[in-house]
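Two complexes are shown next, each including chain A; its partner changes from chain B in the first to chain C in the second.
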Partner chain A sequence: MLNFLGKRAVASAISLVGLVLLVFFLSRLTGDPTGLYLPLDASEEARNQFREIHGLNDPLIVQFFSYMADLIRFDFGDSIRRSEPAIDVVMRGFAWTLQLTFVTMSLVVVFAVIFGSLAAFNVGGVFDRIATFFSLIGASAPDFWIAIVAIVIFSVKLGWFPTSGTGTVWHWVMPVSVLFIRPFGLILQIVRGAMITALGSAYVKTARAKGIKNRPIIFVHALRNALLPVITVIGDQAAALLNGAVVIESIFGFPGVGKLMIDSILQRDFTVVMAAIMVTAMAIFVMNLLIDILYSILDPRIRY
Partner chain B sequence: MTRKTHLFVASALASAVAFGAQAQDNSVTVVLSEELEIVEPCSSTKSNVGRVLFQNISETVTEMDPKTGLEPRLAESWEDMGNGTWRFSLRQGVTFSDGTVMDAEDVAHSLVRMKSPDIACEIGAKFFGGIDITSNIIDAHTIDVTADPAQPILPMLMSTVTVTPQDAPLDSFVDHPIGTGPYTFDEYVRGQSITLSANPTYWGEQPTVQSATYVFRSDSAVRAAMVAAGEADIAPNIALQDAVNPAMDFSYPNSETVFLRIEHAQAPLNDRRVREALNLAVDREAFVGTILADGTLLATGITPPSTIGYDADLKPYAYDPDRARALLEEARADGVPVDTNITLIGRTNNFANVLETMEALLAMYQEIGFTMTLEMVEVAEWLERYAKPFPENRGPQLIEAQHDNANGDPVFSMYFKYHSEGQQSGLTDPKVDAMIAEATAATGDERAAKWSALFGYLHEESIADVMLFHMVGFSRVNERLDFAPSIRTNSELQLSQIKFK
Partner chain C sequence: MTQIQNQDTDLPDIPKAPNPVGQTLQMLWNDKFAFVSVVFLLIVVLCALFGPLLLEDVATKQNLRGRNAPPFDFSASWPYWLGGDALGRPLLARIIVAAQNTIFVAAGAVFFSLIIGTALGLVAGYTTKTWSQVIMRLADIIMAFPSLLLAVIVLFMLDSSVFNLVIVLAITRIPVYLRTARAETLEVRERMFVQAAQVMGASTRRIIFRHILPVVFPTLVTIATLDFAFVMLAESALSFLGIGIQPPEITWGLMVSLGRPYLTTAWGLSLWPGLAIILTTLSLNLVSNWMRTALDPAQRWRLENVRKQNG
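And now, the complex of A and B:
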């Protein structure tokens, strides 16, 4: 296992360096940010001063090596837009994104596994039809529309929840609920499909023949074997959320890393773009590693 | 219920109380469209920075009121000393919120700071580019300010200069602004909110609003919903489609003017008949109340009607497709390459329904017989095409732009937009250069007359651009407030002007 972890860490580090190279040069290809930060009427003198302050007058290759030299010392540079360390800006946003992802995916996993398993147990039954219907709606509904409608109904009309923002437990209800819908629909369908296969297998029939009750058959015997493809999809969905739920962050005023990244790309705030991509990439590497470990725990045949 | 259940219910109830009690009687919550990247007074001409800091935290030397003209603020009076020097007599008994006394040293330091090469202050770059500013302290409350070249409107320019304490750094932005204004800057929780509270040592009258919280939501519908739900009191700048409640929604001229910039050097746009045809081909009135808001005005010049020298007698070009076609044919007969493809360039998200507006313009031009294609581009790409140096091999282009002038004087617009050396000028016309120089140097009624003459020349003789609309902005205001947004709300929001009903 340690050998495997070491190999994965090296592979991740190589990928990260490649990513840094790619993002550094691609982001610079978008052009000079000076015009975005100074007023349209700014003189050429003021523009040159701005470029000088932010090291933009140097040749690109010089900028790159200077950036890498700083990066080795864990100095990600200062945000052009915010005049503070880029890593501070990113970590502040990432903490919110991480919390949002954790809460949402925890709820998604619990509910999707329970409802998917129960739907698979009685295929074609009333519960299965209802679960399938709602999960398909959830997987295909546009989240920005659901978010706006939810605000109008639950905040403006009923006054049950705050429209947006952070601060109390109630502020989390609508963003988490809206974020919940799509991965829940998708994962429920995956669980259902995997469980139908598992419940039709020989070892389940044997268990039934031995008189074991339905609950342990579903949640102990079948579920464990059905979970491998489910975990893969959970990983994909969690990675998507870690990249930032841009729409939800924008609508509900959650100061996460997704909206920060989009704003920084549009504003050519290169240091923040670089830091955000690196932090997110590292988080996804760690998550994939955890998923690999989980595979081996769930299926003893998998050994690294 | 178990102990855990009790605890959950108790914490939920506490949260509910906290959420329900956000609006105290003498406090307001303002929801802005974007988070402030910096809280630097010398960049408070940026609209969202200005709405928090300008005249709330940091006050200016003079103050420009679109209704009454130039007013005293930290300076009580000023006089022209000749040779580009103006003497400002500062108000006495003014202190910064940190307790230090405001005097001429602070004003001198603020002038140096806004032009500091180590920080990119918006005010210095925007209003004092190409101008050397020096000061001479006469006494603690008297200061001479000299502009080179001389600026007859220096007192007006001083309405943009926010005064910071003399220990404000010259090489970095501040993250906790100190000012002389009616409010103090309490806290900035990045990504979430900014809070201000009334300054108990303010030199002027104590404001009614005792504290303010600013929060940030990028979606217009959410900003409007926050006011409707009572979570916020003011949402400046909401979209047309969200301004549906007459009791809460205000429309007002927002000082923005939309136009198509023509670069005259490129054929066939170098032909006056073609430029006139471009103006006659647009049915401007068809936009108002459909794609654009009711109340949108048809423009004849680049500055709104509140600026001095605005010529109300100038008439917008009437929609006349037959005349436009005839002009094109006439130009074609004289060998003007009128069939050359013209690129119509729009800026995405520049204003509500910009795409629909650009598509409608394209259809109108194609209907007349122009060969034209539309490109919608992001702001960064737009800037590369809009500002000099223009890209090579660009071909003839019409570039949509929206220009803001809430300062009351065309000088803030005309040089950059129309002078041969102007950063965004599509013109090279010595006559225009001379008219700009004369109007800039003039004062009083003569100044207004000279600006009027320039507007007339650009609109009727040169046909410099395709002037389109003076735009309307929308803000939603909670009914508990006695406050009407105005043209100034586009760039500032003076909390001290807000009362409660």
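And now, the complex of A and C:
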């Protein structure tokens, strides 16, 4: 187990260092932030001073090594846009995204497992049709379009939910429902497929022969074995959400890490971009690890 | 004469071996959803090929009296049937013209990522451990690299153009094919026919391209058809955020984004292009579902059975 953890950590660290290198130099290619932050008629001295303050005057390679030297002490530098530590800005956004991911994925998992199991139990029935419909919509509809249409219908025409922000529970309804659709359709299909296999196996027949009722057979006997492939997909989908649902967060004005990322990229706030990438990469690494551990709990045959 | 001869003999009718194209078409006709989808996709492809040639002028002509014109006004000329946009350009004509960029970007991105990803995946699966490690770490980095940043970098460095957007999307999709190709290659390389080829002295290149690739390729093509819809959505999301295609070029995603300020007054500006995206991706998904069954010899009987029942 420890050996496995070590190997995983080394592989991830290599990728992370490569990512940091690449992002650092490539993002510097997108131009000098000076023009974006100073007024158009700023003097050359003012521009130089701005660059001096943010360390943009040094040669790139010097900038890189001083950045890395700070990074080793967990100093991610200051945000140009907010003039506060970049890591604080990122962690604030990440906390929102983490909550959004958690709420959405919990709902997705609960509903997908229930609907998927019922669809598998009665192939061609009502639940099966619901499953097919949602997975097609989830795979086909652009989420930003659904978000816009939802705003027009539910906020503008009916006035039920606010259009943006995070103040109350009502603010969460629309972003969560729009984000819900795609992973729901996908996981539903996976659950359905895995459950059909599980329900056809010999031990389910045995359970049925012993006179066990349908509900325990589905949710106790079959489900536990069907969950393994499902967990992988849940992990992938959660990772996608953790990376920041950029489009949905910007449409609904949700202050998560996705919105932060696109704003910082457009504003050339390099330190925040770097910090955001590193934080989400770490989070995804931890989550993948948890999933691997969950695997060995669910299936004792899997050992690392 | 042949008919009479047939009646004379007592032999039961032996059905003629159906011609494969006709049979496939028959199977398609029997699955109504797939059939409608194929017809719709054909229309989209025709729009993409000939739309800009025929309608470029109509679609860019501004008409201030037609500003945000409401849809379904059938007294107007047909390009205005879905209404006009903020500059009074006919929406229907613009959707038809935008089909070209939308389809071209998706097709180009899928094509390049399929070729590059497959090549790298084959190499990673068949060569030494070092190379395999290098390629896999590269794939990890690409996966973790935010595609938004990549889009902004390309937009800033290389200017906005359809081809540059193709590059961005292709790069982000490479890992999908790379991983699949590698996983399949790892399995296939252990099979007997590969060992036989090795023993007979075939070169590595020959083994990879003549022996392994044909086995791996069908899976990858299946993924590519599904990926086409995904890439279309990704392109429209980038264009929607303003870092994809830039005006005056148009795609459906950009049209949705351009209509956003007028949501409360002219909802059609965003609705129709979005509907075009949905219908196209939906058709793609339905067709690829059907194709997976129809082109897989192990599953094909399911569709053929239906034909017999109906006939």
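Everything below uses one rule, namely that the second predicted complex is superposed on the first by the 295 of 304 C-alpha atoms of A that agree within 3 Å, B and C clash if a C-alpha of one lies under 4 Å from a C-alpha of the other, contacts with A are read in each partner's own complex, and residues count from 1 in each chain.
Note that a contact is a pair of C-beta atoms (placed from the backbone, for glycine too) under 8 Å apart; a residue touches a chain by one contact, two chains touch by 3 or more.
Every value quoted in this text rests on a predicted model; they were computed, and no experiment measured them.
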{"item": "Which of chain B and chain C A:Leu100 touches, first, second, both or neither", "value": "neither"}
{"item": "First (chain B), second (chain C), both or neither touched by A:Met261", "value": "second"}
{"item": "Partner chain(s) touched by A:Ser140 [first = chain B, second = chain C, both, neither]", "value": "second"}
{"item": "First (chain B), second (chain C), both or neither touched by A:Gly159", "value": "first"}
{"item": "Chain B versus chain C, judged by how many residues of chain A each one touches", "value": "B"}
{"item": "First, second, both or neither for A:Ala207, with chain B first and chain C second", "value": "neither"}
{"item": "Partner chain(s) touched by A:Gly31 [first = chain B, second = chain C, both, neither]", "value": "both"}
{"item": "Touching partner for A:Ala238 - first (chain B), second (chain C), both, neither", "value": "neither"}
{"item": "Touching partner for A:Leu22 - first (chain B), second (chain C), both, neither", "value": "second"}
{"item": "A:Ile151 touches, of chain B and chain C: first, second, both or neither?", "value": "both"}
{"item": "Doubly contacted residues of chain A, that is, touched by chain B and again by chain C", "value": "30-31, 148, 151-152, 156, 250, 266"}
{"item": "Touching residues (chain side chain A, partner chain B) in the complex", "value": "30-31, 33, 35-43, 45-46, 49-50, 52-53, 79, 81-84, 89, 92-93, 96, 148, 151-152, 155-156, 159, 162-171, 250-253, 255, 259, 266, 268"}
{"item": "Chain C - residues contacting chain A, complex", "value": "137-138, 140-141, 144-146, 148-150, 152-153, 156-157, 226, 229-230, 233, 236-237, 240-241, 243, 253, 256, 260, 263-264, 267, 270-271, 274, 277-278, 281-282, 284-286"}
{"item": "Chain B residues touching chain A - in the complex, by the definition given at the top", "value": "11-12, 15-16, 18-19, 35, 37-38, 40, 45, 117-120, 122, 124-126, 129-130, 172-173, 175, 190-192, 215-219, 221-222, 225-226, 228-229, 231, 378-381, 383-384, 386-387, 412, 416, 423-424"}
{"item": "Chain C partner contacts - residues on chain A that touch it in the complex", "value": "11, 14-16, 18-19, 22-23, 26-27, 29-31, 136, 139-145, 148-149, 151-152, 156, 243, 246-247, 250, 261-262, 265-266, 273, 277, 281, 284"}
